[in-house]
Amino acid sequence: MEALIGFFGDKLHVSGTLALSLAYATCIGSLLGFVTVYAMFAIWMERKVAAHMQVRYGPMETGGWHGWSQSIADAVKLLFKEDLLPRDANQVLFWIAPAIVFCGVFAGLVAVPFAVGVQIADVHLGLFLILSLAAVEVVGVIMAGWASNSKYALFGAVREAAQVVSYEVPAAVALLVPVLVVGSFRLGDFNAWQEEHGWLVFHNPFVVVSALIFFIASLAGCKRAPFDLPEAESELVSGFHTEYSGMRFSFFFLEEYVSMFVSSLLVATLFFGGWTLPFLNVSAMPAPVGLVVLLAKTFFFIFVQMWLRWTLPRLRVDQVMAMGFKYLLPWGFVCVVATAVFEAQGWRWLPV
Amino acid sequence: MGGIREYFGNISDALVTTVKGMAITGRHFTSEPPITVQYPRDRLAVPPSYRGVHILEQQKCIDCKLCAKACPVDCIEIEAVHHGRILEWQKFTIDYKKCIFCEFCIPPCPKDCIHMTAEYEMATAVNDTMIEDLLTWTGLRANDRREVEAGEAKKAGKPAPPAPEGVTPQPGGPAGGNAAPSGVVVTSAYAPGSPGAPGGLPRGPRKARDGSASPAAPAAPASAAAPAAPAAPAAPGGDLAARVAAIKAGLASKGKGPS
Amino acid sequence: MNEDALHARLAAAVPGVGVLDSSVKDPFVVVEPGALVAALTFLRDDPACGMEMLHNVTAVERPEAMEVVYHVCSLSQHHSLTVKVRMPRPEGGTHDTWIPEVPSVAGVYASADWHEREQWDLLGVRFTGHPDLRRILLPPEWKGHPLRKDYVYPGEHGGIPLELDAVPLYERGSDEPPPEPHPPRPPGTPLVQPPAPFSSRPVAAGGRTAEPGAGGGEPH
Amino acid sequence: MEALELYTVDERDDLYTEELKLNLGPQHPSTHGVLRVELKMDGEIITASRCDIGYLHRCAEKIGENVSYLQFTPYTDRMDYLAACNNELAWSLAVEKLLGVEAPERAQWLRVIVCELNRIASHLIAFGTYGIDMGANTPFFYAFREREAVMALLERPSGARMLYNYVRPGGVAHDIDESWLSDVLAFCGEFEKRWAEYNQLLTTNRIFIGRTANVGVLPRDMALAWGCTGPVLRGSGVKWDLRRDVPYLWPYDEIEFDVPVGEGTHGTLGDCWDRYWVRMREMMESIRIIRQACARVPSGDFMDKAMVRMYKSPLKPGKGEVYMRCENPRGELGFYIVSDGGTSPLRCRARGPSFCNLSVLDALLPGCMIADGVAVIGSLDIVLGEVDR
């Protein structure tokens, strides 16, 4: 980010605030571009992964090889689709809800280090910022469910409120473990720490358990796989975004894939050593190599999320709550305490 | 104590069964090839015994209407004027909006002249086009017309009109190479031997037919729906005409007997 | 236990039970309407009969009477019995005037609940004492009982014409005359347009399809 | 239709709560057809439910009174369109019993094979759609892969893929080609491997068990009182299968197969999981039956000689009435035909198994959550064509 401001400063002889805003504009623009391209690729990838797991082909027609341009066609279709507004829905809330939902998750990407120098805002409380912004998205979903004046959407919104809020607690507790080991909230520090000490996952067994807990909690956070109750097709027709169509619906769709990306990225950065590789000194190499390594890990976790979605049935609302509070939370606390003891004694698990 | 064991049992059970389930879908993702067929391009092979669109061998049909009576949904309508043994065909339509493809119309036919082909693609946008006419020709063919007039003349006592020289036996298919018949000679899509009948020549945009004996080779690409040969004896146009001629000869020889 | 023994036990226990008619392939017992509930309760509760399940209730409209037939069967003793109730048709008893009354057995067998509602709905047999005798299959405001022999097929229902080939309402404006149907298709033009030339890939013979994209089709 | 009486004000001291009336259907992804259930909801819990059927009512019984005995056969296919052969079998046996005719031996064995194949296809749909009701979409596609093989097998002799019109009064419509029996045996071998896969993927899955065990428990006497039959009754522990207990087709006596019954392995006896597990084991029993039947198909004619004239002139059975019931994949399908000597029956009543199985729903739903309600409807495995006829 500073390099960008510097570039604007001397190349275009622009004064301070204008350079700052220009730099931010380019960053946000490039991030938005990256996110939409990623979302289209992820949607196509999900349809192909689901298809091949179900002995069928998936999109084949649009574009040449294996229907690669299916997502672009869908996006264009959604652009031209009629944007319905239910008769006595609450117009204002109905209109704002998708925006809030998308911004909540998209803003989380601000504090994420993509490669050695590539980071929009090097926030010292990066992890804390991302978690709190993820909570904003819940407000948008409840607004959508309430505003669309349909009983099924209302049920979806109420389930969303119960599930996502209650799964942020185990997620936060599970994240305490890496923070405790590394000692800082800044995501850059995690990469640096893991460069010399090796991947955090191999640090002690409880970090592995907390990684699993965080992965499951983030699944529930972005309403995926066994926890996709707010948009349960077989019960609630399509949950909170039943009444949405056209571009508004695509915002919800985009949000789901971006939150998948954020949570996979967090798992990769915090537990599996961001852009570091055990044998290769990646930070010495040029920035794109780190970016490729990080994205490879992220897409592996996104694949695992998709794999889970097409294997497991859906949980019931009370089972989701029970699992959150009876299984994930207690084990989260156990991991935190145990890691604290391990750190104090300096025990290590593997000779790394 | 049971609670604790059950608590840990749940955790291990959940993890083990999830992983086993993922193993199945993972194996399908990597090693099982997809089995779906991309429909308009590739089509599943349809067995010859498939019950699809009907086909009528009009020469053998004697307008007994048994098939129309046997139909549970009454979707067959037949109209023909009887001139003694000769039939002047108006229509033989099946309403495919009602037809349930139960093949009850096939067994009662005394002459065994209605069959079902393996053709199943009949989607159309307009309801009225679902009423399909199975006739190969309507009205009277030239040969039949002459016999009818000869009969009436004999009845009225006048001498029979002289037969034009060089009349060749009437091939079963569209009217032979003689004078343009008075009836509208039209070839139905699925009549035996006509292009487009399954197993027959590929169907394509139809050129106006003016009595030319051999069907002109249409330019449209080969897109015959049913690759498998249909059970119906709709052999390719060539040898069918020969077979029909043989039947005609047979009819002519025992024509004197009770028809 | 065969039908005769069953009938003997029933006739002994419950008054008003008729003779066993075994002229037909499935012998049946005719019971007066008044004794119906007692007979079925006995058949269900008596350990020797042990008719646990009433699996069918049917009303049959004969020219001379309306019969309601109850098929009960025992799962433990592997036997079954047909019990009939006959309501003679009053003279001049037509579709609109004659609604026969039969006591409901929904109290004895819960399965009778829906069966009786269906017979009321389709044949107009009123089952007195039924907890919730509403129409089950037809819309609630439907008039008449379709399975009656003298039922007149209604011309329209709720403004929707019911003739077989009626021009659908949405095609017909409220006032302007119905549009004349499309010109009939000249015989000979193919019913099915040739499929659009989608792509050049060969038509697969077996179930397996050629790998898309690879194996280009023959030139055209 | 008077509205459900909803209690409006609940005088809890501060919280003003109200019941919600929710319409599940007739257009809903998991009602297995056009079924509408009016639910009274207190939050996620269903407090009262009322089924509203009749959206697929075609009055087949009125048509039965206007067409001949042979012509009604294709209409019975359209009742339970997932098990067309079993419907035709019940109708054909009823007409044969009325006429006092017996189908030839080869036809009887072909009927057993074709009906058991159709039972597997029907149970495969029940298994696939039950997976979708629970949220797992993948088993559906595996189920349809096997069902496609069954439909291809049944297509060869009959000529149609779903509504076969193959079993007719007096025998079967066409003879089978010579390689058909070997293909059926090949399918049986292949199916067993796939069946084990289904269990590993869905049946033993902890989430699936959590969603179905102890849900929609149907006690034994309640099932009997409501007239439930088939896998719904057997799921509650009652060993009652018409193929064995009320023999209607003599080849079944010469075949050795057993009747799977619910045992309450996960949760109480008679819950959704038991009904599901009974259907899964019934598929394997059908495979056993098919294997034994394929080995014993004798040569000979496939349609009774005297009955062939029914194609030309309609049958005229004498006066009489007959009730014939057969084991349809969903339960006991019975045809009660009253004939007054004419060419078409005076009254032909079809007792559909789904009609009685569905009548239990109003008693099962109160107390469940919506997700359980969907699970209960799925476990009853109803087909609305048969409920509404």
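In this document, chain identifiers A, B, C and D correspond to the written order of the chains, with residue numbering beginning at 1 in each.
Keep this in mind: contacts are C-beta pairs under 8 Å (C-beta built on N, C-alpha and C of every residue); 3 or more make two chains touch, one makes a residue touch a chain.
Model, not experiment: these values are computed from the prediction.
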Distance-maximising chain from chain A - centres being C-alpha averages: B
Chain whose Cα centroid lies nearest the overall Cα centroid: D
Selected pair, greater C-beta contact count between C-D and A-B: C-D
Cα-centroid distance, chain A relative to chain B, in whole angstrom: 59
Between chain B and chain D, centroid-to-centroid distance (C-alpha), Å: 35
Separation of chain C from chain D, taking each centre as the mean of its C-alpha atoms, in whole Å: 17
Sites on chain D at which at least two other chains make contact: 138, 142, 145, 201-202, 205, 207
Residues of chain B touching at least two other chains: 10, 18, 21, 24-25, 28, 35-36, 38
Contacts with 2+ other chains: residues of chain C: 207, 212
Residue ranges of chain D touching chain A (in the complex, touch as defined): 20, 22, 28-30, 44, 131-138, 140-142, 145, 201-202, 205, 207-208, 210-211, 369-372, 374
Of all residues in chain A, those that touch chain B in their complex: 49, 51-57, 60-61, 307-308, 310-312, 326-327
Complex contact set, residues of chain D against chain C: 1, 53-54, 57, 59, 61-62, 65, 97-98, 152, 222, 224-227, 229, 238, 240, 245-246, 320-323, 325, 332, 334, 336, 338, 340, 346-347, 349, 351, 355-356, 359, 363, 388-389
Footprint of chain A on chain B - complex, ascending: 7, 10-11, 18, 21-22, 24-26, 28-29, 32-36, 38
In the complex, chain D residues that touch chain B: 67, 70-75, 138, 142, 145, 148, 155-160, 163, 165, 173-174, 197, 200-202, 204-207, 308, 311-312
